[in-house]
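Input: one structure, supplied below.
As written, the chain order gives the labels A, B, C and D, with residue 1 at the start of each chain.
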Amino acid sequence: MPKHSKNLIDINCDMGESFGAYQIGNDEEIIRYITSANIACGFHASDPNVMERTVKLCKLHRVMPGAHPGYRDLIGFGRRFLDMKADELINDIIYQVGAFTGFLKLHDLPLQHVKLHGALYNYLVTDEDMLLSVATALKKAFGNPVFLTLGTAKMSRLKRGFRKRGIRLALEAFPDRMYTDDGELLPRKHQEAVLKDPDAIAARAVRMVKEKGIHSINNHWIEMDIDTLCIHGDNFESIEAARMMREKFKKEHIEIGPLAKIL
Amino acid sequence: MPKHSKNLIDINCDMGESFGAYQIGNDEEIIRYITSANIACGFHASDPNVMERTVKLCKLHRVMPGAHPGYRDLIGFGRRFLDMKADELINDIIYQVGAFTGFLKLHDLPLQHVKLHGALYNYLVTDEDMLLSVATALKKAFGNPVFLTLGTAKMSRLKRGFRKRGIRLALEAFPDRMYTDDGELLPRKHQEAVLKDPDAIAARAVRMVKEKGIHSINNHWIEMDIDTLCIHGDNFESIEAARMMREKFKKEHIEIGPLAKIL
Amino acid sequence: MPKHSKNLIDINCDMGESFGAYQIGNDEEIIRYITSANIACGFHASDPNVMERTVKLCKLHRVMPGAHPGYRDLIGFGRRFLDMKADELINDIIYQVGAFTGFLKLHDLPLQHVKLHGALYNYLVTDEDMLLSVATALKKAFGNPVFLTLGTAKMSRLKRGFRKRGIRLALEAFPDRMYTDDGELLPRKHQEAVLKDPDAIAARAVRMVKEKGIHSINNHWIEMDIDTLCIHGDNFESIEAARMMREKFKKEHIEIGPLAKIL
Amino acid sequence: MPKHSKNLIDINCDMGESFGAYQIGNDEEIIRYITSANIACGFHASDPNVMERTVKLCKLHRVMPGAHPGYRDLIGFGRRFLDMKADELINDIIYQVGAFTGFLKLHDLPLQHVKLHGALYNYLVTDEDMLLSVATALKKAFGNPVFLTLGTAKMSRLKRGFRKRGIRLALEAFPDRMYTDDGELLPRKHQEAVLKDPDAIAARAVRMVKEKGIHSINNHWIEMDIDTLCIHGDNFESIEAARMMREKFKKEHIEIGPLAKIL
């Protein structure tokens, strides 16, 4: 039995992805609607100045900060697979999360969680051994931050196994993404992969939390065991969806809280 | 009155400067003669894999680890001045030291000190305000590591001022470098700038520690208030100098200890 | 006596400064108003994909392409001085311009000119010897592209000297920038440094071309010997200024042509 | 019928892989034994200063220069696969080869050939369509340099097909590498993959040229249709092997010549 009521959910969003003179996203707007921030660490996006600014923004809005490491590939924004050995991968992650904790300590904030980015996120969903190695190294180095990853049937099973080792997995769903019958994200190449209508996205978010599931692209019911919803803030529609989601959550008595309260 | 006897000294050396397929230095050899290691953090040299290896090497040899951040300039090895604003500079340093602490925590080691590298080291020797800003930020973020910098008359004065603010400066001398009459390092463009004879280097090291001073290029006596000697390990002569220094220290009853014991 | 009539002018603009997932500028809009494009080469901005796209855009609009190399400093957008030796600087420029010519040849376009970027542009304005070394190397490697730099009294003098060596300097003025009494650009920290009013900018452009000069911040008349006007395209006002400038030029019978026709 | 006698062969070697303060290889030694140099272009190794030095070294020794582009992965030395789209890959190659031609033109040398590096070399051996796309773009941009790749049965077939399109493939064999029965390189993880004995390597080189084949790991005879031998210069044994190879070639009346004379 989960320790939290079924009506408590975290909302996470990727942030701090600007770089030097380059601006991306509407961090100052979307941060008003979330409880956990996944903050880029300088390999696939961001730089030390953006990291410091984003940590301060979290402090101002009382949003819990998490590290969001990716492949060392600025040009590809971390979206291209790079074939690295296990120890190389772990060292790249330790480096990025360590760098991030420097700014957290400068502003007296804890490291709530770690969420991998892009192609690295996708890769670790497919490799249980690597996932365990990475989560174990993060626990050893950073005092057991929550490890945030994709909510699937397989990950729910892993979550229980990892808990016995003292590792906390948090699982996320995407209200603006369509799912396959197997409970995987429908790849972006499909026309129906990403929902744009704010009202529909907000309605799906409510259902994911209250009914613990969602209908797939073929209208099959997929059960979900999720701790957090991932939202986006890069365009007007996504911010509008976030706003409506919070409104509906209030009406439906769904409480919003950071991962630390949920896991 | 210093809390340590005049015959206790730390020996520090830059390490972990290899990068990817590129090897530099003889870390496994020189580490046998030192008490404090200045470990590159990936901006001017090193990478996450080299950093992890070097931290493990310190643990094996019970050498105290320090972060050695530099300008983000791999091609120039951090030896070229880059005109950065104060906040950019501090953020680059926090990022690098933070990344380094990730590996320290992975291997359960403390951060003893921070020493800047190359052109960044040289620049901060000339700018007291920036030095104070950097040292203050490091204290805030990393629990007051020792800040290792060049031993000069001006720095001795700063050391006392910083101590009142709770910041620990450690000052270093270079037994293999010639000094000007003002107690500055004779620039490398001068023929006599760098000593090569291991015996002469070792003899100068003893004098620096026991007599608290050294003769300048023009044979003037320069007083020194130093906590640590910086040695090099990149060629056969420098390693031989290190070996002879340790031998002479033993004969002269000079004790070797890490900065933490000295400051 | 210049070989072109006093009513022929080139209009240049920095372009192709996007990077990976990051978009900057309105290249597709501003390119309609210019005759020469300064295209970033991947060190301070841009990447190979952006370079290829921008070269194709020039071809489509029959705008003459030039290389726009800068310091290797993506985070600082090439705006921070980096202390490089002469040969290092020249090699970095040859590398970038060479890379750029790869895309030109892929699309069968000539290299019209080279204009340095940001802190590198500013630095070479102050160092005649370095300017000559760079221009000489570019001539040797790339068949004598025009070298575009700041129009000042000193540069007009240099222009004549360089012409004897077979090097073509082109001088530019900034209709949206205020000038000091010495004919230098008023630094951006001054409130009046940058003009925003499209109508005023367009009027200044006409005066610069027809009257060969402009009034300084203190209302002194500064003579100008210019071949090209530099405009910007990063906001609505600057594009509106470009549009109005072209309109006024038409009324005033000022002809627009690429540098190759002017020098 | 090949236009060259069966006793004419090119010898190629990777060079110019140093980077900033980091030295790799013995370029000044190995260059005495080769006719074609594959010169790194700054993405997986090298920098603009090393490139310029290496081009000058080629000129001094009358060795024909070729570009040696790789993945943008300095830490991995270009040995890790990066999943790039076709146009991204082509643009990265055009950029690197273009940059290299800048130094060639500065020193008045032609671009003889292009050879891909590491994981990029391996990847294009497996993807005919990509190979054709890359070779076609190189022809368009750089006036038809020879494209140097691995000699296998499949590549011999491709070589004939490409010739009809006006693209020149040159095929290489590795005298210090063991081959599988299928004529592929035995992967390095096998103990017998790399030969170390200079005498054996030199003998295999002679056989490859005179008998147009070599025995595989299981003693099967593999036919070879090769234009060039790839040798290494990173250790004493490999340089000794190169020296002995040249000696044996002289005795056996095998002539050495650059690719341009052979294809």
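By definition in this document, a contact is a pair of C-beta atoms (placed from the backbone, for glycine too) under 8 Å apart; a residue touches a chain by one contact, two chains touch by 3 or more.
Here the structure is a predicted model, which is why all the values come from computation and not from measurement.
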Repeat of interface A-C, chosen from B-D, A-B or B-C - more than half of residue-number contact pairs shared: B-D
Between C-D and A-D, the pair joined by more C-beta contacts: C-D
Mean-CA-position distance for chain D and chain A (Å): 45
Interchain centroid distance [CA atoms averaged], chain C/chain D, Å: 41
In chain A, residues with contacts to at least two other chains: 49, 75-76, 88
Residues of chain A defined as touching chain C within the complex: 19-24, 45, 47, 49, 74-77
Residues on chain A engaged by chain B in the complex (per definition of touch): 42, 48-49, 51-52, 87-88, 91-92, 94-103, 105-106, 137, 140-142
Residues of chain A that touch chain D when the two form their complex: 72-73, 75-76, 80-84, 88, 119
